[in-house]
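Take a look at the structures listed below.
You will see subunit A twice below: alongside subunit B first, and alongside subunit C after that.
And now, the complex of A and B:
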């Protein structure tokens, strides 16, 4: 009886939802309200209102600043969950860490990685700092830094890698994305504006455009550094787990 | 259509042809060592031809410098990847492919 009632209820709910879905505007139709109102509104006013040439950056950091702040908080929470389950790598364990694979990675690969990683890091900085005027931004740049750390750690091992990016630096910078957002938001409040509007109406009205650009870049740098450190810490935590598993 | 566009188009077509060749080889070859051959060599050649085509199209500009950088990094990293995959396959004693009916006769290879 109970099951029949719940089945009926679910069926009714499914029918209702399917009916609503059937009445939604067709996907990708140029006549949709999103295509006729929302997109032209952004494209026409974004550069003037957000002072960023890249409209996408203007949307995710300015119009939808709260949303992006939530996203970086989710990334930070993901790291917290990974560390809660796996734990951070212990310093002693890293010092005693030896590469257990019997084959040392080849000289060619080591030389190439040592040669390429600085260029990859340079490219990531370019991606982060040009995020407001060209494709790119903090998320992409941070992922590139994290990727270069994965390559470096795979070839040179955890000990070398964690000597380059010590635990205390990572611990300090993991929250950089969230902190950057809150810092810029709080500065906006102090400057007489609203949270995350990137404008300080009470202070130096003439400086407004360049101020907005610099604050946007500050948030981008925070997202980039924070994202890179989160990826690196998750990688190190997972390696430590594997090392203990092979040792036992 | 100017001469520049035609030359650029020819180079891009050559590159695409080698891409198709490399992909076919990757799908059709029997084992990892023979798959490395089309995937690394033809990939590099294909991508470099496309880059040469784009360089011809862009002419003397900053884009040309960027394209040269891309070609350099592509050549370096592609060769290194091929080397790393081949070496680790060799170290892991992944068996070579041999034709079934000749397997008994040619046991001296490798």
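And now, the complex of A and C:
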């Protein structure tokens, strides 16, 4: 009975969704409303208004500032939820199950990880700093830093990697990233513009393009480092097993 | 050439999606889901969305896979019937 009802429900939902998809404007049609109003406006004015060469970054970090604010808040809330359930480690050394694994990682793996991690970090910095001129940006770069932390933690253990990136650094960066984002966003409002626009008509009618670019990069770096620390903290909270008694 | 590649990607995407949902071994499901993300990243690139492709590859195929594996390690590996 239950099965039949859920199957019927899924079938009805699928039919509805397929009907809607069939009635959507065809993808890539130049007569679509998005293609006649929104896209031309972005493509024609984005570089001039946002001073970013990569239009995507201009849209995410300028035109759609409120969307990005929601995303930043969601990521921060995810961390807060994980920490509320699992708890933040106390300051000092901690141990996770990777530290007590019976399989010892071989010299080849350790050497490769030691060799690779700096390059992964370099690539993530490239992704973050070139977000305004090429694909990528804060979120992507931050996730790559988080990935490198995962690789490092898997091989060298939680104790070692939490010593490298201690909690006080993570907590400070997580908070600072969110605060910095809201601060730069609010500066746009105070300056007489919109949230997260870097044009401040009241303060300075013609803001230097270079300053706008630097502010964009600042926001990217904030999102990148904050996101990376959030991912690292979530990983640490999840694999943490016990505190080492000598700590704190 | 382009159409053939797109078709192959879509078939692979659907196959991995169904396998990820139906797999009883949750660790296998997570690995298949990571493959799904990787194919999705390729599709984003084919749709000329390199920003999304980067995000999908880093977050979908990388970070979430590890978080899922950690969760399985701390709970149970087999799905109960």
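We adopt the following convention: the second predicted complex is superposed on the first by the 182 of 248 C-alpha atoms of A that agree within 3 Å, B and C clash if a C-alpha of one lies under 4 Å from a C-alpha of the other, contacts with A are read in each partner's own complex, and residues count from 1 in each chain.
FYI, contacts are C-beta pairs under 8 Å (C-beta built on N, C-alpha and C of every residue); 3 or more make two chains touch, one makes a residue touch a chain.
This one's a predicted model, so the numbers in the text were calculated from it and none came from an experiment.
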Quiz item: With the two structures laid over each other on chain A, which partner does A:139 touch: subunit B (first), subunit C (second), both, or neither?
Solution: second
Practice problem: Go through the superposed model and pick first if A:216 touches only subunit B, second if only subunit C, both, or neither. | Solution: neither
Practice problem: Kindly classify A:150 by the partners it touches after superposition: subunit B alone (first), subunit C alone (second), both, or neither? | Solution: second
Exercise. Kindly classify A:52 by the partners it touches after superposition: subunit B alone (first), subunit C alone (second), both, or neither?
Key: neither
Exercise. Identify the partner contact of A:112: answer first if only subunit B is touched, second if only subunit C is, both if each is, neither if none is.
Key: first
Quiz item: So, does A:161 touch the first partner subunit B, the second partner subunit C, both, or neither?
Solution: neither
Quiz item: subunit B or subunit C: which reaches more residues on subunit A?
Solution: C
Exercise. Look at A:232 in the shared chain and tell me whether it touches subunit B only, subunit C only, both, or neither; answer first, second, both or neither.
Key: neither
Quiz item: Quick one: in the complex, what on subunit B touches subunit A?
Solution: 73, 76-77, 80, 83-84, 87-88, 91
Quiz item: How about subunit C: which of its residues touch subunit A in the complex?
Solution: 50-51, 53-55, 58-59, 62-63, 66-67, 70-71, 73-74
Quiz item: Can you name the residues of subunit A that touch subunit C in the complex?
Solution: 56, 97, 127, 135-137, 139-140, 143-144, 146-147, 150, 154, 231, 234-235, 238-239
Quiz item: For the complex, which residues does subunit A have touching subunit B?
Solution: 103, 105-106, 108-109, 112, 115-116, 119
